[in-house]
Structures are given as structure tokens and as C-alpha cells.
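Structure below; questions to follow.
Chains: A, B, C and D, in written order; residue numbering restarts at 1 for each.
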Amino acid sequence: MKALLIPGLARIESVRDETAAGDVKTFTVQFLDEKDRFDYMPGQCAMLSVIGVGECMISITSSPTRDRMQFSVKKSGRVTSALHELEAGHTVGVRGPYGNGFAVNEWRNKRLLFIAGGIGLAPLRSAINYCLDNREDYGPIQIIYGARSPGDLCFKDEIFKNWPGFPETQVQVTVDKGDESWNGPQGFVPSFLKEIAPSPDNAVAVTCGPPIMIKFVLQALSELGFGDEQVVTTLELKMQCGVGKCGRCNIGHKYVCVDGPVFTLSQLRALPAEY
Amino acid sequence: MLHISKHNLLSLLTHASSSWQVFCPSKQGSTVNFGWFEGTVDTVAIPVNSCKGAFLPQTEELFTYRGTPETGLSLTGGFDGQKPVLIFFARPCDARALTLLDRVFLEGEYADDRYRSRRARSVVVTVGCKSPLDTCFCTAFGIGPDSKAGSDVFVYEDETSLYFEPLTEGGAGFVAAHLAYLAEGGTPVSVMEELRRAELPLAGRIWVEGMAEMLDSMFDHPVWEKMSARCRGCGACTYLCPTCYCFSVFDAPRGTHGKRYRSWDSCQFSDFMLMAGGHNPRPTRKERVRQRFMHKFNYGVKRQGDYLCVGCGRCIRACSVGLHAASALFDLKEAGR
Amino acid sequence: MIRVGVFVCWCGSNIAGTVDVGKVAEEAARIPGVVHVEQNKYTCSDPGQDSIRKAIKEHRLDRVVVAACSPRMHENTFRKCAASAGLNPYLVEMANIREHCSWVHSDMSVSTPKAVDIVRRAVAKVKRCVPLHPSTIPVEKRALVIGGGIAGIQAALDIAEAGYDVTVVEREPTIGGRMAQLDKTFPTLDCSSCILTPKMVDAASHPGIRILTYAEVEEISGYVGNFEVRVRKRARSVDEARCTACGICILKCPTSRDSEFNMGLGTRKAIYMPFPQAVPNKPTIDREICRHFTAGKCGICQKVCPSGAVDFSQEDQVLTEKFGAVVAATGATQFSVEVYGEYGYGRYPDVITGLELERLISSTGPTDGKIRRPSDGKIPKTVVFIKCVGSRDENKGYPYCSKACCMYTAKHAILLKEKIPSASAYVFYMDVRAGGKDYEEFYKRSQEMGTRYVRGRVSRIYPLDGKLIVQGEDTLLGERVEVEADLVVLAAAMVPQPDAPEMARKLGISYNQYGFFSEAHPKLRPVETNTAGVFLAGTCQGPKDIPETVAQASAAAAKVISLFAKSELSTNPNVASVDESLCSGCLWCSNVCPYKAIEEKIITERAGKETVTRTVASVNTGLCQGCGACTVACRDGAMNLLGFTNEQILAEVEALCL
Amino acid sequence: MNDLREQLKEAVASAFSQGRVRSFVCLERGFYPFATMPAILHSGSDADRVEIGLADAPLLAKYLLDMPKPAGIVVRSCDALGVSRLIRDRRVKREDLYIISISCPGVVDTAKIPMSMHRITALEKAGDALIVHTALGPTELPWSSVLLDRCLACVSGAASTDADVVLDDGRGKPPAPVDYSEIDEVEHMAPDERYAMWEKEFAKCIRCFACRNACPACSCRKCSLDLPEPEWLSRAVILPEQFMFHFTRAYHVAGRCVGCGECERACPVGLPLMKLNRKFTRDIETLFGVDDARIPRDVEVLGTFLPDDPEEFC
């Protein structure tokens, strides 16, 4: 029987700085032992270990349609800070996949609206690339992304070069506050979203970002006529086991690690607001 | 029924400890606690702690590592099956509690390998509760002094002897292995009767019928504020509770080697949910006390199909300010009327 | 990722002779985070330092461990070295494998693994070091000298000569101190007033020196470069500007008391000048005895004063001023010799102390320089001197040596012979300590002049027929000695001023078990205190004679001058720092801080829906000396000493306990 | 007793009606009719709930930390020391408090009532006896045999005078004589024997922090032992960490322990924590010449630097 809480070891193949401040890095990893490797779906997570420091739950930002597993990590606590110290060639622990992931199969033939703020694009990126790699299965894709400043935008290659090149794919980027290099839109994501006013017809809106942004995005979506079933978001809570045992990340009787992290707005509304 | 004179019990346990890891109550300082057998056993008192530690140790090594992330690592996490666990003198509530923990750790997509391997060949020997305490209210949860759920062997106790009733194959195996210590003859009918008749003083006051459904609409009820006001925020109730199982995982590095452990944790601790960025979804005692009792009486029912409480009364004895499952059930009942 | 470079020093054979340096280097390379290791014969040498600079650049080192000697020795060297290569100097850590290892072990098989442990400790710490930056504080270039004795005068003159303003605060009505009371000074026998008076006048007339007499320091706050001092200038009831020092008031004053200056051997008036050469040369009214103040009568002085300078309504003045540095020159006093009941001081008028003899010899003294015994005014023929009265005596006095007594007793014996050639002098002594230039010769001279030195203690003195019978034992001859003396002089120990502890509290400095102020280091920082900006001069720090006092005063002045030579001070960044989010505001840190560097601060923050204020500790980084007392008093773990944080120290402990 | 309770209810109600307090902490009837538990009142109309507390009365001082101020509290002398501790530790301000002190004849420890008497229906104090009413009828026990350990070392059962209202019915327990024989016993053990004793005790510790959370001297905003970084105490519940925890706890309250014994009462596994605390208390009394080291003072023996502190290490 597979040991539940023991990670597989993986080698960091490359580390990429995403932001100007250096507070977000994308790690590409490769398992050292093939038997530790696992398949996953967009939106699923894994427990990333810096052995000797600890573990934390990180969403997998790569798409299963691509061959390398990637994690984008914002430096915020002990483990993520230690992770940021690591370089290519170093070893991390990875166990997973955990969580439900996005219902990408249910999205087929729908219009997809991805709304992200800051590092919140990391889990959506997995779904975006998955859908783009299966482009013909999905309707028009609209990506609305914002960050505090131009330097805080993640995955710049993809948002500016790669994704806009796909058919029927639109990427709209805003920043809270621009600088001399910036000539794009300026403003918060929720108001940007309201200006763009995407149609709710046959659409799924997927959003992830800082809690305050999500709060107003959800409001805006509802104003735009999106029903609760059409709105999908991912949650983050403190997790220790990832497998629904440690009793920590519950919201009501749901555990974010096994029942989430992806919830529709209607599911969320049925849960106590304790997150 | 096979029985043993109480005088011979220690010899039986000593013998058992060659094939089993025996977990039993014994006097330690001023209290009687469950622990690994070290030559003494207490057959009278209901231990302060529960026997969950035999399967979910308070601190348990997950793996040892050598090396560093920079220079390369190797992990050794082998958990080889040791001797099977023998719980000796569980109470019916304890035995029942183990079945609830089983639902958490053995069912669903992810089974806990360690818990499972300890539990797999374990034998639970339960003694009928002849003299329940003022703090006992197991009957509220359909358990009673003679309940056999979760037990492999049930023991009836009279003044001089213990009568062993094997209930499962594992229990029969245990009895068979100790026939040399057991004598045949007699059925302790009077004890059985006594157990059936035993009254629990709290039974009339505690009410759980429909509690789970009632709590569905009580998440924002002011009663939580009132209940939690006296909470001191320690973890005594959760650590001594036979059905609480929360844990956390942490690393203990020692230079270029170290260990990863898991240890019990308590939802009553202020930093239980504290996130790296400083956000705490349960910032005050109100949320934490609510979490504890909602988990026991609502979430547990939805997830594991039953109340995560067996009325053992350990939290009543543990809490220095009278905030426990019984008072909570009582207060919630009043509030939900 | 943190990149540590480890530089293992041979220190010639100092380390390499007992520690397998190669092995240490090899093990160091295995410590996580260490990316570069090298060995040097002498790391502190120019080539050694160059190799560090080169390695920092080549290997992109962001932390440096030098495994060499004590940080006392070369931490600064290597910090500067790292700084010159662009690395913050506080990212350097010393691993002391010399004093802590090679020098105390002889067995290489023991010392090598220990050296490895020490290096591992240093690496563990340096990995948790963060860049620290000194901040700067301005310097108020005015000095305060407390005490106007010879030490204070000398320090004030030296500082003023360098061009900085000095204020001297003296609690007596005049400056001059103890030295003014002395007659002649050893070993050259020049007249004390002849050499002191010009200095007093120099000080008084120096444009850079302001003298506040009859004044006391009440409170000192602030820190180096920025002390705020409150001085109470007591009312002397005489308008100094108007007074011409004609002296008529003194002449006419009807009230008198024992003169402090003459050690009670004469009297002075209620309006008085302690001695004729007093500076300032203005009288003072002693309100304790003046009949105008005690009885509301008299007022003669005011009536006779030709210039209308007597002002009974004068009030104390309280001045609050800023100073950049403080020199404590508060002096010492004389041991109360009454405790030696066997000597009969206080009971027999002709048993006197050395200072009293000074007044009897002095031409300005009560006997106009004639040595007369107090009881009957007769010229003494036989004088017995007893040394170490209160010194070197743990039972009745103090264990320390008062240092000046051997020489002044020799001086007294010489002066006695000079004034009364027929007199004979006996000196009872324990040892004669005559270390000092020309001191031994001076002592010899007193012997040559006929002074009889008796090694031994005096057991009893009693009066008989107008004489004092001095009984003792000559321990060299092993026989009892009995001297019929006319006068007995006790060489009383020099002891701290009774209010020295209070002054130390005001200054925020420490003092020893007797009450002498403590210097920062007995050898290497003899005039500095543990409070930056406060310096010591003279006998407040310990018994001294005049040459030593003057030398120390000049040294203290030099320290003040070098402090003032900087336009601003850079502060030690190894100071305490409060994590306000953890601080519970109990302020134990403040209570245990020897430097008064922690005060309370009220902060406002959101707690749920309410805005609350709460108290936290706040460190004045100018005052903080980085002693760390607060960090151990802090239960919350909120107080950290930068450069020695809890985290760093725990990391070290952990590295050593692997 | 009833008189005292009536006076107390009145005093609490009037503290609210006069606008002296926004909240009040006192005891109220517990789940078991004979026991009491803490209650935090927010209005004078709740004053009827106030109980004196015959048995198992928890100490209340520490609740003041989180209560809306000005806050009222009912104290017996042991609790008054706790309040004083919090004031001296500057965790609460005296001017934010409204203190009602009551005299106390001692508090019954229901755990000391013999097992066979369980099914208690009521407890009653009658002179020097406790009458235990059970399903089988009443039984009398000597009053002193059933008191909480802290009452056996009581500073004084009289109502403390540093209070806004003093309610003393004259039935307070007389001060207990100082008795350190228990500490002597431990001190006289051979080191190995002593170590073995503590090892056995600490091994029982489940690290629930009940002792810390009950202690009026443990009032840090955030306990340093809870900090993830630096990790003073590992989460591992293994013997060396148990020593680390208990020694740290004892050292952190050294010189500040008020001897209330609430830690020991709160400990669910019965650790003899007061043996550690009282050792410190006694040491401070003998080493520093303090009279009764449990009583908080303005100048803390271990928390003050005086320039004339001897500098023996120089």
C-alpha cells in the first residue's frame, strides 16, 4: 500500500522568476523515480516539500497536456521562502495529485471566461493551456488578468505572446497602477471586468486571485447575469495532509483538499462563510 | 464462559505482551492512563486518556531523510508491521470510538497506511462498565455499558473473575492463545443483568436526536459566543477525546539528516488554521469552539455518517471550565428550541 | 540560495599545530550552504584578506565565515574586508578555532572535530544573518564635567583647549577639591596651592569653560552625543556680579561653625569663602546656620555690603542643557576612621587623620602652618603615623589598597622633620608601596631623615599624662613596641563619595562593590564606561594620587575630544529590536536595561472591529549598548538583539547539538 | 453564604447600573448543579446568574485580558493575586477594572470526594463539614479533606482590600501556614531518582497547554512556544521536548507565580506542576529575602536591574 504522507523526490529542472519583485517563481520538476510520477487534471494540487522545512499545498500550474510538471509559488511563509532559495538541480518532495480539479469535461463547447489576479493565474493557467491544447473542444476563450503593477504580472510570455495567438482567444490585461513601460489598461480587475462585460450565455466563468478581488469579481459576475452554477473559483486554506485526514481545511463538512479546491459559486453558497 | 481469576491477570498480560503490543490502563502518578504495558494494569478506573494513541500515536515519525535539497536526498519511511496491538480493557465507548476513527482513516479514496497497519491485526478487549461515572453519557449515542460494537473480546467482571466472550475471529485468536490462563465454566448472568440495568446519571439530560439537522441552521447562532466565552483555548478536550483525530505534519532537521513527524493537533489552538500570510479563518475562540462541536455533531454526521462523540465524558473531566460535549449538547438543545 | 564561503586560518602553527586544518576545510565543504572553502596561513594578512575579497566576487558569496581567532581580535578586520568587497560587514561570522580550540587542546584528534563543530556553528548562524546598517546620530559638541577637583579642572582645560565648550558643575562653593586642602605634594614637595591655584584661575578665565559652583546634577537623560542634563544651581544668596569680594561681610558675620575645608580644625562664618583662593572668589551664605534664615534676624552682611550684593531672596536656579559627553570627576572621600576604636579617633583629640595633618601643616590652615597638636596647641615632639587605616582590611574597612597613603605618609614624615627638626616620627606599616617615578627615592629620603618605619599593626592607643601611648608589635623583630607619642596620624583609606551609587544611577553607569565607578575595561578602556559618552577621571573610579588623576583626566578629555571631532556618530547596529506584534508591553526589558535605553510606546492598531491602543517596548538605539539583558528578560520572545537574534542563537545551538 | 451571594448579585448589578463596567466576569452555576463555571456578563440583568462557587470554582483573572473594558471581576484572595499579577505585568490597567473581592472559606475539589459517593446531587457546607447529597442519601466529610490543593496553601480567605467593593462575611479561611515539606522531599531525592520522577510525570504530558492557558502569569499576547520561528519548542511530543516545555513554562513564571495552582487544577493528566512553581517561589524567598514571593510587587525580584546589583562576574 502506498504510504499516504510520504512524498516522491523530484529534481528541480529549472526555476523562472515571474515577477519583477522576485516574489513569484515557477519551478519545473521531474520525479527522480518514475513510480512516484502521477497523472493529474487541471486545477489539482500537490503537496510540495522542502525536506527539512515542511510541506505546503501548491496548485499545479502546468497542463497535463504538456510533459513537465510545474508549480508557481509565491513567497509567503516558511516553506515557500525555503522553496524560493532552491535552484535547478536541487531536490524537492512532491505528492499528489490532490483535490477535485476543474470540470474541464463539463466545459466542452462552452464559452470560457478566466478571470485572475496576480498569482491567482497559476491554477487557471493549467486549465487555460489544457483547453488551448484541446482548442476544438471549447468555445471562445476570454482571459482577463490583472496585477498590482506591470512587474507583478506572471507568465508574461503566455499572456502577451502565446495565448493571444490561439484562435478565438482573447487576453485582456490590466494593472492596478501602471508605470512608464505600461500603456495598457489601468484599474482593478472587477471594474475592468464590468467594462468588458462578457456575456453569460453558455459561459463558464473561472476566477482565482486575492480574496478581496474574488469578492468583487463574484459580485460583478452576478451583475453581468452569470448564474451561481456558471461561476467557478478555487479556494486556499491551510492544509497539512492533503487527503482529508488532518481535520484542518474544512469549510462546513467539506474539505478543501479533497472536495475542493474548485467550487462553483452555488456550492460555496451552501457552505458556511468560514474561509 | 472462559474466565480468569483477577489475580492471574498480570501473568496473562505478560504472556500476551510477547506476541502483542499491549495497550492498557495503569496508574501513573496520581492518575490512571492508557499506555503501553509496563508490568502493571489498573482494572478499576476509567483512564484519563483514550486508547486512540495506540493507533494514532501522539507523535509519529513518517520518514527519516538524509542529505539536503541542495546535495540530494534519500528518504526512508519504512513502516514494517510490528507486533499487533492488543487494547486491553477498553470501555464500550472506547471500542465504539475506534470504529469512528476507522471511518476517517480507513474509508474513502485515501486510506492511512500507518493507521491501517496498526489496526489491521489488532484485538480490542472491552470490559463492561459496571460503575459508570457521573460524567458518562454514552447511552445518548446508543452505546451502553454492555455495548459490543468495535470489540473483539468482551469481558464481564465480577468480584473475583473476568469472563471472556470472544466476538470476532481476532478475539477468538486472542482467547485461544491464552487458554492456559483461562478456566472454563459459568456464565456471569448477574453481571450481564447488572450491565443492562446500569443507569447513567446524565442520560436524561443529554439529547442528540435531530441534533445534526438542528445545527444545520445554527452556524450563526449567538449561543456559540456564550459557550466559547469561558473557553481557555487549550487542547485538553481534543487530546483526550477518543474520536478527535486532527494532526499536523512537521519536519525536525538535524543538520544533514532529520525526520518528518506527524503529531496530534487541536482545532482549539489559535494557530491551527493560521495561514502563512497571517489570515486566520477561525480567528477567535468562538469560531474554534463552534468548529469543535459542529465537527462532532454536524459535519461528522454528514461525512462519516455518525456523531463523532461516544459520551465517554473525558472532556468533562478534562475541562477546567466546564466546557464539554455534555454541556454543549445541553446548551445547544436549549438554544435550538 | 545562500552561498557561504569558509576561510580556515592556520594562524601559522597557532592553529595548524593542533588542529588538522585540512580536515576542517574538508568537513566545512560538506555543510549545507557552503559553496567555497579555502585555507590561509594567515588570513588576517593582506594576501589572506585579498583571497576573501576575490572569493566573494568569484563565487558570488553572500556570507563569510572566517575560522580563525577570537572575534575580539579580528572580527572588525574581516568585516572591513568583506565590506570592501561589497558585502554587508554583518554577514561575516568568526569561528574561533584558536582561543576556543587550538590553544586549549593538545590532542589533534580532539581539537579537529571540535574545530569542525565550531565552524558548523558559525555557518548555521551566518546563514541567518541579515545585513545590518549603522545609523547616525548628531553630536552636541559641549562637554559636561561633574566635579571641580583637579581631575575635573584638568579635563575641562584639555577639552576647552581643543575648542569645545565645557561646563563644570561643582557642588561646593568653590572648585579645587581635595587638592586644595593639601599642603605639599609628593614626590617633589611643591606646594599644592601653588600648582593648583593657577589651574583654577585658568579654568575660571577660559572662554570655553563655564563653572557652576554650589550646583548639583539632578538628572541625566539621553545618550551619547545627546545628553540632556538638569542642573540645580543652589542659591548662594550673593549676587556674584555685584560682589567685589571685599570680605567685609565675612568679617562682620556673627555666626560661625566648624570649617569643612579645615577638616573641622578651625571655624568659618555663615557667610564664607572656603579658602582665600576660592574660585569663584565670592562668598556664599550657608542658609543652614545663617541667622537671617534660621531666625529671621540679623542681616548684618547685607547692611555692611558696600555693593549691595547680598541677596537673601535669591532662589535655586534649575538649568536644563544638552551635552554631547560627560566626564565624571566626582572624587572620593576619607574613610570614617572611628570604626577603629583601638586608635581612639574622636575620643583623643590628638589622634588625627592625614587630611587633618595637611591642614595643620598648611600655611592657610588654622595654625598658619605651625604643627600644633589639637588638644593643647603644643608642638609635638613624637609623632606616630599609622598606615592602612581602612585599607587592606577586610574586617573593618575595605580590602583594596588606597594607593596614595604610603607616599603621603612619607611626605608627612619629611614635612614634620622639616618643620620640627627635633621631632621623631614612627610609621607603622604593613608594606611600603612606592611604585611610581621617584617614589621609592622619596620614601628612602624619609627614612634617611630619621623616620622610623615599624612593620606591624598598632593594637592600642591610650592617653597617659598628656601623652598618647601607642602599643604595637614590630613583626620584623618580633617584639612589642610602645611609643609615647604627642600626635598620632591615621592614613585613612580613600573611599567613594557616599552618594556615588546615586550619581552612577543618574549617569547610567555601573560601579563596583565599594562604590567606585566601573570602567568599560580595566586595561583597554580605562576611562570609558559602559555607557557611551560617559567618561571617568580621578578618584571616583578608584584610589589615585595626583599625577595619576591628572593623567586620567587628560585621557578622558582626549576621549571627549575624539568624540567631538566627528560631526555625527554611527551607532552600533547590534542593538535590541522589538517585534511589536509579539510584545505584550510588560516592560521587564526596560526594568532590566542598565542603560535606560528602553521606554514604553503606545501604539494604535485594529483588533477585530475595534481600534485599540496598547503599550509596547521601544528601544532607543542611541542608548542601547547591545548587552542583551532585555532579550533574556523577554518572555514573549519579542526582543531580539540584532546580530544575535533568538533565531541565530538557536541555530547555533542546534548546529552544535547535532 | 446566601447573604454573601445576595450582596454580590447586588454589587454586580449596581456596577452595571452605575455605568462602571461594560462586562463582568464571575462564576455561574455549571452543568453539574454543584459545580460552578466562569461566566462573562454583559448587562446588569444577568446579575442573577452570579454564584459564589462552593466547588470546582475556576479562577477568573485571566478572562480580563479579552473582556471589553472597563471590566468587572469577582475575586477571592487567590484570584486577586492573579489580577494583581496581570496589573503588574501591565496586561490590564487597574483603572479599567472594577474589582469585587469576597471572602472565601475554601473551594471543594469534587475529585477529592470518594468515588463511592458519586451520583452527587448537591453539595452543602455545614460548619466544618461538607455534606454530600447523593442518590443514596447524605454523607458528611471533613471540610479540610475535600478542599482544592490551592486552598491548603491559601494566603488568606479574607476578602482582599484592594478592591472597589469588599464583601467579607467573616467566614474566610484563615491563612495556611507555609509548608514547603513537599519541596524538601524533592530536593532531598538523589538526582537520578528525581530525574526518574520527572521523567515519569512529564511522559504523561499531552502538551495540551491547559496549564499555560489557565495561568494568570502566562499572559503573553502570543506564547513564544507557539512561534513557528524560531522554534523554541518542537511539535514533537517526545520526552526531551516535554522537559523543554515544562522548564520553560516554569522559568517564565518564576518570580511571578502567584501560587494559585490553577495550572495544576487545569492539567487533565495530573502533573504536579506546583512542585516546580513552589520550588522557584521558595528559592526567591530564601535567595532574595522576599517575604511571600507569591504576592506581586512593584519591584520584581527577577525583573529589575539595579546599579548596585552586585557584579560578581566582573
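Definition applied: a contact is a pair of C-beta atoms (placed from the backbone, for glycine too) under 8 Å apart; a residue touches a chain by one contact, two chains touch by 3 or more.
Because the structure is predicted, anything quoted here is derived from the model rather than measured.
Looking at which of C-D and A-C shares more C-beta pairs in contact, the answer is the pair C-D. Legend note: the chain whose CA centroid lies nearest the centroid of all displayed protein CA atoms is D. If you average the Cα atoms of chain C and of chain D, the two centres end up 48 Å apart. Annotation: 67 Å between the Cα-based centres of chain A and chain C. Note on chain placement: the centre of chain B and the centre of chain D lie 30 Å apart, centres being C-alpha means.
Computed centre separation for the pair chain A/chain D is 51 angstrom, with centres defined by C-alpha atoms.
Contact of a single residue of chain D with at least two other chains is seen at positions 228-229. Contact of a single residue of chain A with at least two other chains is seen at positions 78, 86. Residue positions of chain C touching 2 or more other chains: 1. Against chain C, the residues of chain D that register as touching in their complex are 89-91, 219-222, 224, 227, 229-232, 252, 300, 303-305, 307-308, 310-311, 314. Within the complex formed with chain D, the chain C residues making contact are 501, 504-505, 509-513, 518, 581-588, 591-594, 615, 629, 633, 635-637, 645-647, 650-651. The touching residues of chain B, when paired with chain C in their complex, are 68, 70-71, 254-256, 283-284. Interface of chain B with chain A (complex): residues 62-63, 65, 67-70, 72-73, 75, 77, 79, 104-105, 108-114, 116-117, 219, 244-251, 253, 258, 260, 262, 265, 267, 272-277, 279, 281-282, 287, 291, 294-295, 298-300, 302-303. Every residue of chain B that touches chain D in the complex is listed here, in rising order: 28-31, 33, 48-49, 58-59, 133-134, 201, 229-230, 232-236, 238-240, 248, 250, 252, 261, 263-266, 269-271, 316-324, 326-327, 330.
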